[in-house]
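Step one of this worksheet: look at the structure below.
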Amino acid sequence: MTNKKPKNVFKQGAISSEFIGESIAKHQTKTSIGAHNIFLGQVRADVIDEKTVAAIEYTAYEDMANTKFDEIREAAFEKFELTCMHIYHSLGTVKAGEICLFVFVSSPRRKVVFKALEYIVEEIKAKAPVFGKEIFEDETHQWKVNS
Amino acid sequence: MTNKKPKNVFKQGAISSEFIGESIAKHQTKTSIGAHNIFLGQVRADVIDEKTVAAIEYTAYEDMANTKFDEIREAAFEKFELTCMHIYHSLGTVKAGEICLFVFVSSPRRKVVFKALEYIVEEIKAKAPVFGKEIFEDETHQWKVNS
Amino acid sequence: MLITIKYFGQLTEITHLEEEYLDFEGTQVSELLDTLYRKYNTLKTKDFQVAQNQELVDENTKLTGQEIALLPPFAGG
Amino acid sequence: MLITIKYFGQLTEITHLEEEYLDFEGTQVSELLDTLYRKYNTLKTKDFQVAQNQELVDENTKLTGQEIALLPPFAGG
């Protein structure tokens, strides 16, 4: 753990497609970039025992999660030749069909972005203390577990 | 070659970040999707012999390219469990920092999208008869070759 | 030692709180857990990891921490 | 046999046209290429593939095609 306060990765509610579009636009001044790779996690309307997931309510151990996201970011920059990297995760309610995770990596060359993005997403799934309550349409719920 | 006319993948000029944002938004009604993966190719301002690339002018053997894109799309749907897939490529002038290739895959689960996207992008680079003239700031040019 | 204990996700359905303070004399994480198991009947049946000062630790770790968190399975993304 | 020949990318800098029609009597792709090499001096020094009716073919392929395209290295993406 470093002493500097890690960047806050969390956003209240869903991540909008406009926000993603604007993030892409901001990279057009970085003309050493040749390849971007973007991962988006979207809430699925899974049907479990005849009940449909309407939304996921996300909570997190925010301080620890931001530290972990920071460690994941540092490790990815060490492993892969990346120009930039951005991670955003939702907190609170995200409805089915909405986006809850946005990971964005950029590099001069394409080969590296595929490996880097998969690495980062798997690390987030495994190491970030984020919790998801799947709310069904009848307002009952169950707790999501990453597979 | 099938008899049905393949979809046209080409767009005149750069692919805008708004267009990409709108494509993402359109997928929010598809609530079986859990993961999207997007590749964006961006024109690099490479410096070659002290001259800087200002733009790439793309041309293509359009009919053959659209057929190839179609074959790549079909093969990817057979290999990977994908909900949907979109490919767009620029024709004409795309300035440094602008986007010339947009590949978008979506699936219920994440593991498959990484493999599918890399497969599709590599296939496009290898098989699509698309040609790029790198225009330098002094208006001289050279022909781009994929590595 | 005054310890802050944080509960997350489904564990809060057992504890009915997200955070509590405990003046604790034991020296190991496992001793603290035993105390919590006595306090919350069904806690022992749940799957969770323990973080001490934001780092995952196992039960045999020495208690040094001002902050202990009980973390159910992660579900980010 | 009337053949449409298409040129792309840097090859158009040699041919100064993107498309031409040739009434050709040969039976193999290689024979057509020889004719084109005679017509365009520096064509032979260039790296390209040949597509017949939109499928890549090698030089020994039988000419069946209404459409032959000369394709320099691909640069998509």
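Think of it as A, B, C and D in the order they're written, each chain with its own count starting at 1.
Basically, contacts are C-beta pairs under 8 Å (C-beta built on N, C-alpha and C of every residue); 3 or more make two chains touch, one makes a residue touch a chain.
Protein names from UniProt, one per chain: A, B = Molybdopterin synthase catalytic subunit; C, D = Molybdopterin synthase sulfur carrier subunit.
It should be emphasised that the depicted structure is a prediction, and the values quoted were computed from it without experimental measurement.
Novice: Which chain's mean C-alpha position is the greatest distance from subunit A's?
Specialist: The chain farthest from subunit A, judged by C-alpha centres, is D.
Novice: Measuring from the mean C-alpha position of subunit B to the mean C-alpha position of subunit D, what distance in angstrom results?
Specialist: Taking the average C-alpha coordinate of subunit B and of subunit D, the gap between them is 26 Å.
Novice: Which integer distance in Å separates the CA centroid of subunit B from that of subunit C?
Specialist: Their C-alpha centroids are separated by 49 Å.
Novice: Cα centroid separation between subunit C and subunit D, in whole Å?
Specialist: The computed centroid separation for subunit C versus subunit D comes out at 73 Å.
Novice: Taking each residue of subunit B in turn, which ones touch at least two of the other chains?
Specialist: In subunit B, 41, 110, 121 touch at least two other chains.
Novice: Which residues of subunit C are in contact with two or more other chains?
Specialist: Only 77 qualify.
Novice: What is the complete set of touching chain pairs?
Specialist: Pairwise, the chains that meet the contact rule are A-B, A-C, B-D.
Novice: In their shared complex, at which residues does subunit A touch subunit C?
Specialist: 1, 41, 58-61, 63-65, 67, 89, 100-101, 121, 124-133, 143-146
Novice: Considering the complex alone, what residue numbers of subunit B touch subunit A?
Specialist: Per the stated touch rule, the residues are 17-18, 20-22, 24-25, 27-45, 96-99, 106, 108, 110, 113-114, 117-118, 121.
Novice: Applying the document's contact rule, which stretches of subunit C touch subunit A when the two form their complex?
Specialist: Going through subunit C, the ones touching subunit A are 6, 8-10, 51, 54-55, 69, 71-77.
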